[in-house]
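The following pair of complexes shares a single chain, chain A, combined with chain B in the former and chain C in the latter.
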Partner chain A sequence: MINVIQKALYTRSIKSTNMARQESRAAYLFLIPAFLGLAFITYLPLASVFGLSLFKWNALTPPVFNGFNNYISLFTKDPYFLDSIKATVYFSVIAVVGSLVYSLAVAMLLNRRIPARGFWRAVFYVPYVLPGAAVYMGWSFLYETNFGLFNYVLSQLGIHKVLFLSDSSNVVPSLALISVWLSGNLIVIFLAGLQNVPRVYMEAAEIDGANAWHRFIHVTLPCMSPIILYNILMSLVTNMQIVVPALTLTNGGPGNSSMFMTYLMYRYAFQSNQLGYACAISFVFFVLIAIFTIILFATSKTWTFYEGGDDRK
Partner chain B sequence: MERTRKILVILLCALMILGVAGCGATGTQGGAPSQSTASSQEATPASTQEATPAQSSGEKVNITYACWGTIEENKAVQDALDKFNASQDKTKVELKLIPWEGYVASLNTMAAANNLPDTANMQEPMVMDWVKQGMLADISDMYAGSDSKPLDCITYKADGKPVAYGVAAETVVMYYNKSMFDKAGVAYPPSTLDKAWTWDEFVANAKKLTLDKNGKHPDEAGFDAQNITQYGCLVENLAWQLEWPILSNGGGFYSADGSKVTIGDPAATEAIQKVADLYLKDHVAPLSIGSTDDGVQRGLIAGTVAMTTNGTWNVGTCLNTAKEQGLNYGIAVLPKMKQSATLATAGTNVVFNQSKHQKEAIEWIKWYANIDNGWPLISAGIWPPIFENYYTDETLTHKWLDNPNFPPYADYKAAAVDPMLDKNYVHSASWFYVNHAADFNNLLTSILGDVWSGKATAQDVITKNLDKFNAIFNGTAN
Partner chain C sequence: MNNIRSKTRNKQIVDILSLTAIVILAFVALLPIWWIFRSSLMSNAEIYKFPPPFFPQNWRFSNYGKALEYFKFWQYLKNTTIIIVPSVIAGTLTATLCGYSFARLRFRGKKFIFSLCVGSMFLPSMVTLIPLYTMWTRGLGLGNTYWPLVLPYFCGGGAFSIFLLRQFIMSVPRELDEAAKIDGAGYMRILVQIIVPAIRPAMIVVALILFIGLWNDLLQQMVYINKPEKYTIAVGLTIFRGAYKSDWSNLMAATCMTFAPGVILYLIGQKYFIEGIVMTGMKN
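Right, the complex of A and B next:
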């Protein structure tokens, strides 16, 4: 009797091992395209960028090995690099904080029952789908110092003209404002998150005597915290790689105040013919973004609240 | 079921692998680094160009010619190409248009991918560096045997020997709006060199032409600098064009022989500060941070500025069209600080050493360099001719300028023809005789940002960065 049971179990376990093996074979086969894609499009280029950064190469003659001199030059001799890091970080911080506050506020407003709500949602989303270069050109007419619309309105009101894009301390906030205006995608994601705030909590809070502000701080925000984390991450990575305004409007100026890192890379690689050097900038930039992302994830455990719970005991 | 699934999976994987392999083959080759989305805007011409097919002799050879330009310029170039293609049937030249803003980047990308066109019009800052790298075929004898030699001021020289010639003899001149002058009752600026305005006269006249919304001038009581509706002047402050005020003040970016950097000298910093003060102190110019070269379009043609300084190519590229639309403009010589000075510049037509059809390419360039064949661009007012006899022989000058595309003959001749042979007046732009001119100019543009808005003085920023300028000049920058 026991033999029969043992035999049945043994046969089943063999069958499941075979099936398991077949399943895993199929799984690996399905994964091969993704692996190949990742390898050729992400990891190999990353490795070759790091490799190239150890060479001096002007694209016209063969590369010459240079060790870590590119990196040393970057941090000691380069007239643009340190300003570039400052400009990029400054822009990202303002743009990310501004985008989040703006998108959350607009999402909360668009979550109410207002007439033509669908139309207003489209209106706030449209900037995100407009072509970037055209948007920045349009805004440059608004910002233009001598005859732009903003300065015209200011002069009619008797206020001193503001040098939006011509003053090195105003350029980054002005460009960040455009980036905030462009953050329609964050609004949509926040809207989706707001729908998922359980009404039960809101009603419970109301019964306990919480006013709108308390409800926002103690119910809405914690429930939205995973979405906020996602939006901060996406917004941070996108805004740190900002390049279109530098390319189309400011050329990194005035001074080095809008010399964003991606633009600096482009300049060195394709205008100054220093590809190895540009790869070094690219690698440092990668490390910088990685640091910001790691800090973000590390601190996120303290302020994100996952309703489904997690595996922490 | 199992079998079908396995076959499907293998097919799918094979398709994906083929797709990746196929993309890789037609994309950039030769180890060019992956481009960011930024450069893809500018570099798409590179990835869509096909390699020139190698053809056996006797068959028609296809070569490409790359250049930039406005619509008018490109039409004229295409006319010349069509003429060449019709004149013989050994070679066919195709035009490849690349916008000016991304031109340097496009050519660099194509060079890295071994994908250059056979011939191109090259932007000035690139020429000397590419000569040094050995990228250009030697065509320095291309004018041997012609009945006149090219002007010295547009000859690219390495160690004093000519290596390339400009395609035109562009200089910086001053354009002005005659209607604004008439309305203000101010005499036109002089077009002859000996009567050129001094800087003070220039500023004084500009003040008479600057109006705020109440019609007041800068030196009148109650002038509202925040509400200026018309500016008297706009001195184009793109980095390379800043050299003419410095030369006029007795200095230069470099010493005359190109052996050292002199931008830190008082003559240079003073001149730059005077240009900045046109906006900051004199209130006769709009704020400009020197990152674009469209002062004529956004100033003179837009009707907001009475005088602008810029290159002679503007006659053909934009002023002619504006004239047809009602702009009444004139041409004059530049004002002077201590002495009159202007800059000469021109891109150059080159043949790349990477080309597989160098013989045919050199023939095309020599044909194009023949004055009669480049005539469409000359008569359009875009390219002043480079041969000396057009500046000395009046019959040839008439042949060139008796043409509705140009301002009145006497004015243009006095402002842009007669002074060309005066070596004290016409100076080659710095990229004709030094390397790394582009990096130098980029650094200058970058550090002068705060000078235009008044937050720093030219002397401060230039002195602080003088070692960086020297490093770029010596090639030890990074």
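Right, the complex of A and C next:
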């Protein structure tokens, strides 16, 4: 009897290990695309971008090991590089802050009792579905100095003509405004978040005599903080990589004022064939993004709030 | 009593004010698009008029014909479609396979592989561009073809898509696939017959996200494609601007043409676009 049970248990365990083996075989099979992607599209290129950055390589002759000299000349000699960091960070800060304020404000307006809310929401989202290159092309006409829409409106307000794209101190804010305009996706995410803010909190605050501003600061913002963090992250990674306006309109100018890092990398790699040197720029960019992301995540613990306590962190 | 009444009146006033603000903001948000469109229907003389008219005097659709002589829109649209359609389909399908594995199957090294996947989510594509370029063009000799743009999508469609689909598959009740398993269904059959129907909206969302990414890309297309007959819409438009810098009516007509496919697709699939974006925000 005992023998029979033992035998049964034995075959069952064989069966279950067989099933487990089958399951993991299926999993590995399904994950082949991801393995290929992680290896050949992500981590190997990431490692080789650092490797290549240590070489002098003009794509025609074999690469020559160069130590950290590419990095040293980037930071000490390069006429564009420091300006490119400045332009990229400056642009990202304006674009991210502007997009967040704009999209949160619009989302809060849409969250009131507005007739045809879906229609208005759709309107603000439209810019997001237009192809990037065409958007900058179109806006370059709006920004045109003599016949553009913006200067016409300003002239009606009695303000003198502004050189939006051809003045080195205006070009980055002007391009950032386009980024703000393109942030319809953030509005949609914010609006969904606002609709999830528990009504009870709002009503409790109202009964306690909190005015609209206090309710915004003490109820809406804390409840929205995880979504705000997500939106900051998405917007930061998108805007740091800005390159399309430099490719289509400004070519990095005037001066170096819109010499964004991605564009500078493109110029060195694909216009003057300094591949190793361009890799050094890519790697610095990677480190910069990593630092920003880590800072955001590290500080987010102090300002994001998850309903139901710590367990979702 | 009085207090309550004044409060509701206050609320009504605020509602009216918000609606007014929304209408004004929506007008401002759409004005650039209208302005580009109205300019595409004007002659250059009319564009240079002061004060600029809000409506074109006569709607010169002939501008589009003129722009089409040099701006090979249909050719570019065809090329862009050749890139986008396989990329979006392959990306969505492979992301579903990977998301299913991460959500449901047990295997060794799952945590590690998944964290590698999540770790690559915020890696900007610009960082790896040069090594990938070297691999595709020198290593594999695929320069001036669409393969370097399309093939990466056969590798899971990006960490973000995999992550999103995993979240959705995890919210499908497990009893459904347990029952199918008892009936003797294999993993592939469970995926196709049970999981996929349950997460179809999420798959459409992933497809749309991939579409938007490809639709907005210019850098990669410029790097890999150098032959005029292979230009995509974005590359073609950029080159067109280089040649016709100050011919605004021509340029705006070309710009409007490239607006059209995205807007049409958006009008058809609006529900998915909006819901999809909501989902990406809520599931993370």
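Simple rule for what comes next: the second predicted complex is superposed on the first by the 270 of 313 C-alpha atoms of A that agree within 3 Å, B and C clash if a C-alpha of one lies under 4 Å from a C-alpha of the other, contacts with A are read in each partner's own complex, and residues count from 1 in each chain.
As a convention for this text, a residue touches a chain if its C-beta (ideal position, glycine included) is under 8 Å from a C-beta of that chain, and two chains touch if they have at least 3 such contacts.
Just so it is clear, the structure is predicted and the values come from calculations on it, not from any experiment.
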item	value
First, second, both or neither for A:V243, with chain B first and chain C second	both
First, second, both or neither for A:A122, with chain B first and chain C second	second
First (chain B), second (chain C), both or neither touched by A:A20	second
Contacts of A:I289 with chain B and chain C, given as first, second, both or neither	second
A:S168 touches, of chain B and chain C: first, second, both or neither?	first
Which of chain B and chain C A:A269 touches, first, second, both or neither	both
Which of chain B and chain C A:L130 touches, first, second, both or neither	second
Comparison of chain B and chain C by chain A residues contacted	C
Chain B versus chain C as contact partner of A:L52, first or second or both or neither	both
Touching partner for A:V188 - first (chain B), second (chain C), both, neither	second
Residues of chain A at both interfaces, chain B in one complex, chain C in the other	26, 30, 33, 36-37, 40, 45, 48-49, 52, 133, 146-147, 241, 243-244, 247, 262, 265-266, 269-270, 275, 278-279
Residues of chain B touching chain A in the complex	2, 5-6, 9-10, 12-13, 16-17, 20, 24, 32-34, 36-39, 41-43, 104-105, 108-109, 111-112, 129-130, 133-135, 226-228, 231, 286-287, 289-291, 304, 438-439, 442-443, 445-450, 452-453, 455, 465, 468, 471, 477-478
Residue ranges of chain A touching chain B (in the complex, touch as defined)	22, 26, 29-30, 32-33, 36-37, 40, 45, 48-49, 52, 58-61, 70, 73-74, 77-80, 133, 145-147, 155, 160-161, 163, 165-168, 241, 243-244, 247, 250-257, 259, 262-263, 265-267, 269-275, 277-279
Chain A residues within the chain C interface of the complex	20, 23-24, 26-28, 30-31, 33-38, 40-46, 48-49, 52, 106, 109-110, 112-115, 118, 120-134, 137-139, 141-142, 144, 146-147, 149, 152, 181, 185, 188-189, 192-193, 196, 227, 230-231, 233, 237, 240-241, 243-244, 247-248, 262, 265-266, 269-270, 275, 278-279, 282-283, 285-286, 289, 293
Sites on chain C touched by chain A in the complex	14-15, 18-19, 21-22, 25-26, 29-33, 35-36, 39, 47-48, 50-52, 94, 97-98, 100-101, 105-108, 110, 113, 116-117, 120, 122-135, 152, 154-156, 158, 162, 186-188, 191, 212, 215-219, 222-223, 233-235, 237-238, 241, 248, 251-252, 254-255, 258-259, 262-263, 265-266, 270, 273-274, 277-278, 280-282, 284
